[in-house]
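You will see two complexes here that share chain A, one where it goes with chain B and one where it goes with chain C.
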Partner chain A sequence: MTVTDWVFLAIALVTLFSAYRVVTTHKIMHAALWLGLTFVGVAGIFLLLGADFLAAAQVLVYVGAITTIIIFGIMLSSVEDLRGESFDNVWKRLSSRLTSSRRGIWPLLAAVGLAAAMVIVVSRGQWPASPHAPALDTPRLLGEALFTRFVIPFEAASIVLLVALIGAIALALKEERTE
Partner chain B sequence: MDFFSAMHSGLVSAGWPLWLANLVPPLVKALILLLFILLNCTFLIWMERKVAGHMQRRMGPMRLGPHGIIQTIADVVKLIAKEDVIPAGVDRWVFVLAPIVAFAPAFAVFMVIPFGPNLIAQDLNIALIFIAALTSFVVISFLMAGWSSNNKWSLLGAMRASAQLISYEVPLVISVASVALLAGSLSLQDIVRAQSQSFWYILVQPIGFLVFLTASLAELNRSPFDMSEAEQELVAGYNTEYSGMRWAIFYLTEYANLITFAAMASTLFFGGWSGPGLPPFVWFMIKVYFFIFLVMWIRWTLPRVRIDQLMDIGWKGLLPLSLVNLAFTGIYVLLR
Partner chain C sequence: MLDQYTGVGVFLAVGALFVAVTLLAGKLLRPHNPYPEKLATYECGEIPVGEGQIKFHIRYYIFSLIFVVFDVETVFLYPWAVVFEEMGLFGFVVMMLFIGTLVEGLVYAWKKGALRWV
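Then we have the complex of A and B:
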């Protein structure tokens, strides 16, 4: 095994373990922090593949923005909302979750859909992926690709983000009015 | 750097395995940077107290050494000797990890700062994004410290600090983006070289610099934007429960970030290490210390803003200003 393999193994183990802790830890705040560590691990794997720009963007967006927003969300939620109904019996809990649409079916469907999409992506890829020759000027290449070949998806994504932004403002304004 | 490649080839010829020899030069560089941070921070803490003193017509620390120059060292010894207190009821792991999460990124940022034409630990071509990414860890560390302390002052301070940091990160990054647009590169070394071949970017980016300066003051949690540790309302903010060495690491991080800000300001807008006559490193340090003094001057001159004023300045003032500046910079670059 080369040094790169060892480093990959270490990063992969950290990533997998923290991802496992996200779903098993009992404190929701800890789950958010473990999630942040998972994102950092994924950024490390990007770095190993020579995608330095992607790694920096991953940390900037996922650790800097998303994890922070999740922690904010946890801190601003009421305790009852976080705990949910508590049942000692696992099966009772499971059945109550599955019958409620907010906590059961829709999240389950979304998770199954995501899992299916990931299985498709993984099965279509060629493994092991051959590492590309590290590009010297990744930001320039990325910028050129985004504004020529992928300009329509890129602009579509920015419109989606704009809609989300306006939606968030509208929601916040509505809450202010009802107060 | 020549010295480090010589060190590397020397180690390889001495029979060290290649991976170990590869590891040594970066470690030595990191050690040098750590020493640089520690020495400068020690000096800066003394300087801050002296500047504060003289601004208020006092002398500042005078007892230890000439003009109190050894005062900080005595303080550090005191902090190291203090009992390591972890209060009952805190979330132990998160509490212990928070200062580390704060300091490690602040330290790693120094990797891409150009101290001279060849004096840089690693010239990354994504340096600006690298810095933006690493500084975003600060919010997490504040939230970790504030939440794990199990104390309402800490939590309030952490919430304020993070709201402030998130608001001011946007205009900060946009103002930096206009400089990157002018230089045509994200590497700090390229930006300095572009300026030494033409002119300092402050000439075409006065608005960008003002936005950068104001947003940086907020990012540094410094007065007039030191809402997060407004001592009259919040005791000390997110680090209320910290003491001894753990508190010292937060303090160290604050001053390391101050050096980073001054280095960024001089690199992006004032030509970095370039300048006539003196050696590049001296020019760089002169500029860095000028900006550090500027920040201290502002801190001891202006009163603190209110939290609603803070949000207004960020979202209604700086953000539109930085966007307009970016648009005009784009037009300028196209027509150039």
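Then we have the complex of A and C:
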């Protein structure tokens, strides 16, 4: 194995382990932090594939912003909702979850559907045999694509962000009034 | 390709090692003598009351969301700055439209009083 393979193996193991901890850890705040580490691992994989700008954006947006949003979401939840029932027996919990529709069957269906969609996308995709070995000037390539071919989607992205911002403000102010 | 990130790798390794060694050294050196009073949450010498975890005010969420929106904007600013010279006026106008749309959201938040700290 080459050095790149070893580095990939290390990053992939860290990513998989932290992703596993996200769903198995007992404290939801720990889950959020493990999710942050998962995002860092994904950034490392982007870096290995030669997508250096994407890796930087991943750290900036996902590790910096999305994790923050999730942590804020946890902080805004009431403590009783976060605690849930105690974690005594994993199998008992599993069987009780699988028989309830809101906490078992629907999430399971959604997860299986998402996994199936991911498998289809991965199997259909045309993957290059090897990543671009020479480090390309990715910010320049992205900039050129953004301001020529993808200028309309780029402007549409600002509308999407605006909608998210106004929607959140409207919801938050409504909640504040009812409190 | 990896050569240019050797520094990053060394930095990560040293950082992880530093934390591990410091915590391990502390664990080996310190006396271990816990009792209930010592393990209690410190609240300025008083006996702690209620939950340590509280529900934060919804207002914090607006600030974090505004941060996210402008964080995403920053990501777009970087490739724009790189190709700024070639794109000329067109690129400038496109970016100003982009930023203008987001500033609209900020003005909305401001006008609605969402930015006021109470």
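Going forward, the second predicted complex is superposed on the first by the 138 of 179 C-alpha atoms of A that agree within 3 Å, B and C clash if a C-alpha of one lies under 4 Å from a C-alpha of the other, contacts with A are read in each partner's own complex, and residues count from 1 in each chain.
Heads up, the rule we're going with is that a contact is a pair of C-beta atoms (placed from the backbone, for glycine too) under 8 Å apart; a residue touches a chain by one contact, two chains touch by 3 or more.
Source: prediction; values computed, not measured.
Of the two partner chains, chain C is the only one touched by A:Ser77; chain B is not.
Shared-chain residue A:Ala57: touches chain B and chain C both. Touch criterion met: A:Thr68 reaches chain B and chain C at once.
Contacts of A:Glu144 after superposition on the shared chain: chain C is touched, whereas chain B is not.
Comparing chain C and chain B on the residues of chain A they touch gives the larger count to C. In the superposed model, A:Gly36 makes contact with chain B only, not with chain C. Shared contact residues on chain A (touching chain B in one structure, chain C in the other): 3, 53, 56-57, 60, 64-65, 68, 72, 75, 137, 139.
If you check the complex, the residues on chain B that touch chain A are 19, 91, 94, 124-126, 129-130, 132-134, 136-137, 139-140, 143-144, 147, 155, 159, 162, 166, 169, 186. By the touch rule above, chain C contacts chain A in their complex via residues 1-2, 4-5, 9, 51, 53-56, 58-62, 64-69, 71-76, 78-80, 82-83, 86-87, 90-91, 94, 97-99, 101-102, 104-106, 108-109, 112-114.
On the chain A side of its complex with chain C, the touching residues are 3-4, 7, 47-48, 50, 53, 56-57, 60-61, 64-66, 68-69, 72-73, 75-79, 82, 133-135, 137, 139-140, 142-144, 146-147, 151, 154-155, 157-159, 161-162, 164-166, 168-169, 172-173, 175-176, 179. In the complex of the two chains, the chain A residues touching chain B come out as 3, 27, 29-30, 33, 36, 52-53, 56-57, 59-60, 63-65, 67-68, 71-72, 75, 136-139.
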